[in-house]
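Below, each structure is written out as structure tokens.
Presented sequentially are two complexes of chain A, the first with chain B as partner and the second with chain C.
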Partner chain A sequence: MPVTLKPVETYRDDFTFRNSAEAIARFPFPFPEDSYMYSVNIEPATAGAPGSVFEHWFDIDEHYRSEMAERARVLERDPDRCLVMPHMQQAGWDAVEMLMTHLATDYPEWFELERDGERWLWRNHALDLCQRFTFGDPASLPCEPLEYITRQVQGDFAMLDQRDGNLWMDAGMITCPADWSIKFDAGMSFTQWHSPVPMAHQLGVFDRALKYLMNIQVDQPVRRLNWTLTVNPRLDTSSETFHEWGGERAQVSAENVAQRVHLRVELQFMPRLPRSNALLFGIRTYLISLEELASNPAWACRLHRVLRDLPEAIADYKGMTLYRQTVVDWLRQFDPQARAA
Partner chain B sequence: MTSDTASHKHSTPVYAEAPSPVPCQQRIMLAQDASHAEVARFVEAMQALQQPVTLVGLTGRAPHAVQQEIVSDRASLGQRLTVLLDDAPLCTRLHVSGDEAFLWHCHALAQAAGLADEQIELIRLGQRRHLYCVHCSCLQEIAEEGEATCQDCGVRLLVREHFSRRLGAYMGVCLDACDPRGEGRP
Partner chain C sequence: MTAALEVQVAGICQLTPVVREFTLVPVDGILPSFSCGSHVQVHIEAGGRTLRNAYSLLGDPADRDHYRIAVRLQEASRGGSRFMHEQLSVGDRLRLSPPANLFAPHSRARHHVLIAGGIGITPFLSYIAELQAKGASFELHYAYRAGLTDAYLASLRQRLGERLHGYDSLQGQRLDMGRLLARQKLGTHAYVCGPQSLLDCVREQAAMLGWPQSSLHWEAFAAPEPGAAFSVTLTSNGRQIDVPADSSLLETLEAHDVELPNLCRGGVCGQCATGYSSGEVEHRDSYLAPAERATTLMPCVSRGRCGSALTLNL
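Let's turn to the complex of A and B:
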């Protein structure tokens, strides 16, 4: 069934972003158990059920136009959120090919691609764009190839160069990160950019994950879910803008918690780029308010237990220490065991 | 010890305390201040390994007998390094001594000239380091303090133990988002 796109909503200022009942039903709830600990929760990204967020490699949903408008706003103010080091040019073209090919195949009502050798014609009906270009010739596009295509695809995209037994974040379009900065982390190895994460190093999670990721083969992508909480449906929770949004964590109260606190889930999707051998690291973010989430009481019950029992160091790293108790108190009503206690 | 081995789990680098006694055909030492006592100590240790040493200094002169030259500024240092590495035998080691910002500036030049990370040893001298304000991208010099005010945008910054080799700087992020510039909470 074709995806229906909503009119543009906002992820800032008046925060008009909302999920429809259909979007709630397909929300990637990330907890397989009642408790959470870091693990190498990477799995082969096999095609999921029709309509689910796992159906296609790159999920386009009802928020498409809003998210692309938000990305344009971030880039207008801070163009360096898209960064491509010179040796990542070929990877950029790899990404153009992969994204255009999959979008045109999976969403033919919105995207069309005609290829005649190196002469390509790209049509994006959702954003009313039409672009003729020569594949491999950067002068034939209005901007950097990675920027051109990722201005039209939901989610952040990092491109990781593979060399010297590590993965290096040498390019990316990062406008909706969960409290990190592409401008600071660019050029770092997988090990270096994860160094601020607590506990996981001791568990050996990153060493094993790195081995797994370096062995990804062409056409055998993998995926994992990651999560945090965000106050307000704000996509751009970057380090760059932390001084503008971090204060909202102090504004959560028993009265507004259900509307303002959002579960933020990242569907990370990692395919090998065939020519450059770089790894594309897609980070597709889904937001859902506690009120929307609680329309599924099983989710609310489980989230109550996860957040109540979450180790302090993880809660602190995820930035929820100030308001965690308020969230747990509100969620308790959905947990029959806790209510009975 | 190279800059990477001991700091495996961290982005913050660990620096060399003595030249690693590995076989090599030539050692090049770039010194921010060639007259520094630590530079002399390293050069002596290298000479004791019976390996040829070339010293290139930005300022100062080493007090003892070593093939040395002085360049006038960072730009000519980069050019000189490129020429030296072009002519260098395959098995060359580069040693860089100076403050942290100088070390990573030279590290980037050396990598651009084709040297591998394992061939570069960094010797940190002095407490000066660079802080990168993640909010406005301004770089400023600090010492060992854990907090600073951004010279450009005025946001009070926490100095995180998160280091970028590309920028040669630590990450500064807003200390109190409820009161970014320390003007009193609303």
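Let's turn to the complex of A and C:
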């Protein structure tokens, strides 16, 4: 079934973002168990059920127009959220090819691609764009190739160069990170940019994950889910804008918790880029308010147990210490065991 | 495992008495793009079993409509290269595992020194296309035997001019590895592909000169060499499998529907690592640390000692 796109909603100021019942039904709830601990939760990204967020490599949903408008707004204020080091030029073209071919194949009602050798014609009906360009010639596009295409695809994208037995964050379009910054992490290795994460290093999670990622082969992508909580449906929780959103954590109360607090899930998708041998790291973010989430009581019950028992170091790292108890208190009503106790 | 690619032989070119080049086109659809230094595994049906030999893709990665590989006829061949030389004809179909790269150039190198011995020239052909397109600084050192393993010499000379340094062993021309490495500036990366003796020589000289390990790269896939017959037992179901003298353990397991992850099939990538609990192993890989060898082996190249029986944790 073709995806229906909603009119533009906002991820800031008046926060008009809401999920439809369909969007709630397909929300990638990330907890397979009642408790959570860091692990090497990577799996081959095989095609998921029709309509699910795992169906296609790059998921386009009802929020497409809103998210693209939000990205444009962030870039207007801060163009450096898109970064491509000179040796990542080719990876940028790889990303253009991968994203355009997959979108045109998976969402033909919204995207069309015609290729005649290196002469390409791209049509995006959702944003009403039409672009003729020469593949491989940056002068034939209005901006950096990575920027051009990722202004039209939901989710953040990092591109990692593989060398010296590590992965290096040498390019990316990062406008909706969960409390980090591409400017700060640029040029860092996998080991370096993960250094703030608690517990996982000691568990050997990162050593094993890195080995796995470096062996990803063309056409055999892998994926994993990561999660945190965000106050208000704000996509841009970048370190650079902390002053705009950090204070909102102190505004959560028993009265507003269900509307204000959102579970934020990242569907991370890692394919090898075939021409450059770089790794693409897609971070597709899904937001759902507790109120929307509780329309599925089983989810609310499980989230209650996960948050109640989450190790303090992880809760601290995820930035929820100030309001975790308020959330747990509200979710308790959905946990029959806890209510009985 | 991803599906194999179906290709058809579109052209064959005998480059020297022992080197043949094959041009492969897709049976339908398009071939996946590849990065320079990539190889494919060719599935070869020879003598009633399937061998999978790894060959570098030697075309320009910018050409999307075909792949090219070159095969040297191996004296001690287990049938793979002989099949490619004597049986395969234009129009025949082949199955390939998709391109994988274990030998990519370093993106931040200021200068690339490519060192090839004989058929080891093949991965550098895609390197050169790429490095030239990028305007990168590089030089090629090519050791060969004139008229036998000097495939591509003439065209490389034309393309590279002074950047090509050739060494003909028939004329006693020698590559002075120590001098070559000693004169390199900081930020240079060296890449070697060729016989084991060449690899050893580069590694030894680099170590003596204190070259950083990370600036030295090598492509080491030799086809697995035959050995003596032995047998293995699988712990999970007690199954016993005989490994003939001219098959690798990995190939024999595959023939018995035991699939293991694998990329290089030459003992370098680490993918096929398998635990064992008893038996005497002849380790032939360049991946495992000595301590690991007591319990782990690489079935793509390593074997049980003659007549020995191994118990595998499979």
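Here is the rule we go by: the second predicted complex is superposed on the first by the 341 of 341 C-alpha atoms of A that agree within 3 Å, B and C clash if a C-alpha of one lies under 4 Å from a C-alpha of the other, contacts with A are read in each partner's own complex, and residues count from 1 in each chain.
Here is the rule we go by: contacts are C-beta pairs under 8 Å (C-beta built on N, C-alpha and C of every residue); 3 or more make two chains touch, one makes a residue touch a chain.
These numbers come from a predicted model, not from an experiment.
S.K.: With the two structures laid over each other on chain A, which partner does A:H87 touch: chain B (first), chain C (second), both, or neither?
M.R.: Touch partner of A:H87: chain C, not chain B.
S.K.: Comparing chain B against chain C, which has contacts with more of the residues in chain A?
M.R.: If we count touched residues of chain A for both partners, the winner is B.
S.K.: Could you tell me if A:Q217 is touching chain B, chain C, both of them or neither one (first, second, both, neither)?
M.R.: So A:Q217 only meets chain C here.
S.K.: State whether A:S195 touches chain B only (first), chain C only (second), both chains, or neither.
M.R.: first
S.K.: In the superposed arrangement, which partner chain does A:P274 touch: chain B (first), chain C (second), both, or neither?
M.R.: After superposition on chain A, A:P274 lies in contact with chain C alone.
S.K.: Looking at the overlay, does A:D185 come into contact with chain B only (first), chain C only (second), both, or neither?
M.R.: Touch status of A:D185: first partner only.
S.K.: Contacts for A:G247 in the overlay, against chain B (first) and chain C (second): which applies, first, second, both or neither?
M.R.: A:G247: touches chain B, not chain C.
S.K.: Name the contact category of A:D164: first (chain B only), second (chain C only), both, or neither.
M.R.: Both partners, chain B and chain C.
S.K.: Considering only the contact definition stated at the top, list the common interface residues of chain A for chain B and chain C.
M.R.: In chain A, residues 164 are touched by chain B and also by chain C.
S.K.: Looking at the complex, which residues from chain A come into contact with chain B?
M.R.: 80, 164, 181, 183-188, 191-193, 195-196, 201, 239-247, 249-250
S.K.: With touch defined as at the start, can you tell me which chain B residues reach chain A in the complex?
M.R.: It is residues 8-12, 116-117, 132, 134-135, 137, 155, 160, 162, 164-167, 171, 173-174, 177-180 of chain B that touch chain A.
S.K.: Chain C touches which residues of chain A in the complex?
M.R.: The contact residues of chain A facing chain C are 87, 94, 97, 161-165, 170, 215, 217-220, 274-277.
S.K.: Which residues, counting only chain C, touch chain A once they are in their complex?
M.R.: Checking each residue of chain C against chain A gives 2, 32-35, 37-38, 61, 98-101, 104, 106-108, 214, 263, 269, 271.
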